[in-house]
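Each of the next two complexes has chain A plus one more chain, namely chain B in the first and chain C in the second.
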Partner chain A sequence: MSIEEQVKDILARITRVDKAIITRESTFKEIKADSLDVVQALVAVEETFGIEIPDEDAQKFQNFGDFVSYVESRVAQTEKV
Partner chain B sequence: MSLEGKLALVTGSGRGIGRAIALKLASQGADIIVDFFRHRESAEQTAKDIQALGVKAEVVRANVGDAAKIDELFDMIGSKFGHLDILINNAASGVGRPLAEIDVKAWEWTMDINVRACLLCAQRAAKLMEGRNGKIVSISSLGSRFVLPNYTVVGVSKAALEALTRYLAIELAPLGICVNAIAASAVETEALKFYFKEGLAKDSRQATPAGRMVSPEDVAKVVAFLCSEDAFMIRGQTIIIDGGTSVGVLAFAGKVGQ
Partner chain C sequence: MADNKNIVRNGKIRVAVDAMGGDYAPGEVVKGAVLAAQKDDVEIFLVGAADILEQELAKYRPTNGSFIHVVGASQVIKENESPVDVIRRKPDCSVAVAAKMVKAGEADALFSAGSSGAAAISAIQFIGMVDGMYRPALVGSLGSFAPNTVMVDLGANVDCKPDQFLAFAIAGSVYAKRFLNITDPKIALLSTGSEESKGNDAVREAHLLLKNSGLNFIGNIEGGDILNGKANVIVCDGFVGNVLLKFYESIGGYAQVWTEAKLKKHPPLRALVRVLFKGLFPATRISSESEKQGGGILWGVDGIVKIAHGASRAPQIANAIESAKEAVKAGVVESLKAELAKLDLSKNQPGR
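Right, the complex of A and B next:
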């Protein structure tokens, strides 16, 4: 499963929305993710991929696509190391 | 320096009150374990500032809401240092919602971090404090006894934390461990900005007999005292730090001193 699909699964599980409605353009608000949902999603993604996403970075995510791109680049960095 | 050679773990010490406590204990000679969850940059800055005071600082990431992470944290402390002198249960979180909107997830998130973590940390810390006159201080808030807007879950968690402090104080006394808490009114931190809009902060300043809001340093000084041998006979107490706000009904009228 792609990173995007895995992140989507995590977010859909936590916010209890149908994952079919989540697109790269979806904002957290559109996915009905409140601040607690977002933190829990970040923690779940961190544990799934073995990366760390500081709030300083997470606050810059405008939409789901930003979130996925960030995770993809961090995972790529980890694999290089 | 009264805390020279002591080792202190301050949970959530990257920012705000935890950072001020970490720096205060460090200024008295204690080495500090800086625990953080979401803000690594802030934690590393705190560690640098601690090291500049001439003591050691160790940065560790642990979400204390996760029991397994607490175990990992204390496993590390046990294997790396073999002891602990001071535990400051400062890390806290919360969901600011009206009562009707509090769901199981918000309740458990808040309780796990604000209360359960303090129990689990105290249990593990007590074993590392054997024969060392250990000190445990937990950070509560005035929301434990007064009703604040959208503060239900946090307020209830802090009330439980204060009760836990009393039980720990008695059960850990035979091990030579002093356990207390502090409860502050609104403290000027980043977290406060998150919880309250500027309007309430202004009200709080006006309603404080001492004439200003509580600063993180105000809290740190009291915590440092509770970590000193001078506080040996204070057990299971929650010391209020609020500039006098809670002792008069004037606070609720929004102004004082007239």
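Right, the complex of A and C next:
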């Protein structure tokens, strides 16, 4: 399963929305994710991929696509190391 | 979560107390814990800054040291901080450490008079929710005017998805059975009309879920039916519930002021009114829990989590600890799980 699909699964499970409605353009607000949902998603993604997402970086995510791209790049960095 | 086998074996319910939470913490919290520990069926873990708590506890230890312990936590979450910080920025704050003790089976219940949001988030993140409940709910009985009626949610969930109303109905139902001894509670949905087409989108969808749930659902009721006893469990979102709660609790005081003003020229009657209203005002306090038990349970958490007003003093804190202990004994979490298991709520949860 791709990183995008895995992150989408996590977000859909936590926010309890149908994953089909989550697109790369979806904002957290559009999928009705509140601040707790977002933090829980960050923690779950960190645990799943073994990465750390500092708050300063997380605050820059404008939409789901930003979140996925960030996770993909961090996972790639980890694999290089 | 609570392990009833341990309770039986040790003869004591173990309560992890967030000793740094509350307007008068840690002094009044420690004092309240010492009061609660006078009962021989409870063991208390004071969680917080160990050196400070040891100093506070030393004031009482000669009489009540044996079943109160101190557990160190290096951080504190303050009222002005975001409750979400307990997850990533302050995972070693007192309320989070207390929640982790419940999860680890080192405590049977958690009590906090600190930030309600931080307690709820610690409970969700570190203890977890029971299957079928998404976020904790606050349940309270309407007291004297409607002694056989409870309302849920009283403010924990401002925005609700339709399936949350169904879970609230079950939590309210368990409360009515356990605390009001009502065998088959009648459940109603609070709306702007009795027809199922009335209400906002979430309420209309919730009506359909409740109607098809197999629960004892009697349909929608309006505001005018809240106190008439038509329903034993009134379900609404936390926004409506909290507004109603505060309005309801303010009625007695305003009615007294208004009546006394009307009787300004009749001092004897005015004095009589004052006496009568002394009895009436407490009648408008929602929830036997708040009044007698010093706080409310966060329903839906997979363990007992009791929260109390930040302004609680030692006697209220002792009451809250006592009622957390009673909730463990009554097995309210197990009852809630059993009721939720009867319904397949997973089909209503799109993210699952």
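Assume the second predicted complex is superposed on the first by the 81 of 81 C-alpha atoms of A that agree within 3 Å, B and C clash if a C-alpha of one lies under 4 Å from a C-alpha of the other, contacts with A are read in each partner's own complex, and residues count from 1 in each chain.
Operating definition for what follows: contacts are C-beta pairs under 8 Å (C-beta built on N, C-alpha and C of every residue); 3 or more make two chains touch, one makes a residue touch a chain.
Computed from a prediction, not measured in an experiment: that's the story for all the values here.
Chemist: With the two structures laid over each other on chain A, which partner does A:V17 touch: chain B (first), chain C (second), both, or neither?
Modeler: A:V17 sits against chain C, while chain B stays out of touch.
Chemist: Does the superposition put A:E56 against chain B (first), chain C (second), both, or neither?
Modeler: First partner only.
Chemist: In the overlaid three-chain picture, which partner chain does A:E25 touch, first (chain B) or second (chain C), both, or neither?
Modeler: Neither partner.
Chemist: Using the touch definition from the top, say if A:E5 reaches chain B (first), chain C (second), both or neither.
Modeler: Once the two structures are laid over each other on A, A:E5 reaches no partner at all.
Chemist: Touch check for A:V39: first (chain B), second (chain C), both, or neither?
Modeler: Both partners, chain B and chain C.
Chemist: Mind telling me which of the two, chain B or chain C, contacts the most residues of chain A?
Modeler: The partner with more contacted residues on chain A is C.
Chemist: Do chain B and chain C land on any of the same chain A residues, and which?
Modeler: 35-36, 39-40, 43, 55.
Chemist: For chain A, which residues are in contact with chain C within the complex?
Modeler: 12-19, 32, 34-36, 39-40, 42-43, 55
Chemist: Considering the complex alone, what residue numbers of chain C touch chain A?
Modeler: 82, 84, 87-89, 121, 124-125, 134, 159, 161, 163, 349-352
Chemist: Using the touch definition from the top, list the residues of chain B that touch chain A in their complex.
Modeler: The contact residues of chain B facing chain A are 38-41, 61, 63, 95, 105-106, 109.
Chemist: Which residues of chain A touch chain B once you look at their complex with the stated criterion?
Modeler: Residue positions touching the partner: 35-36, 39-40, 43, 52, 54-56.
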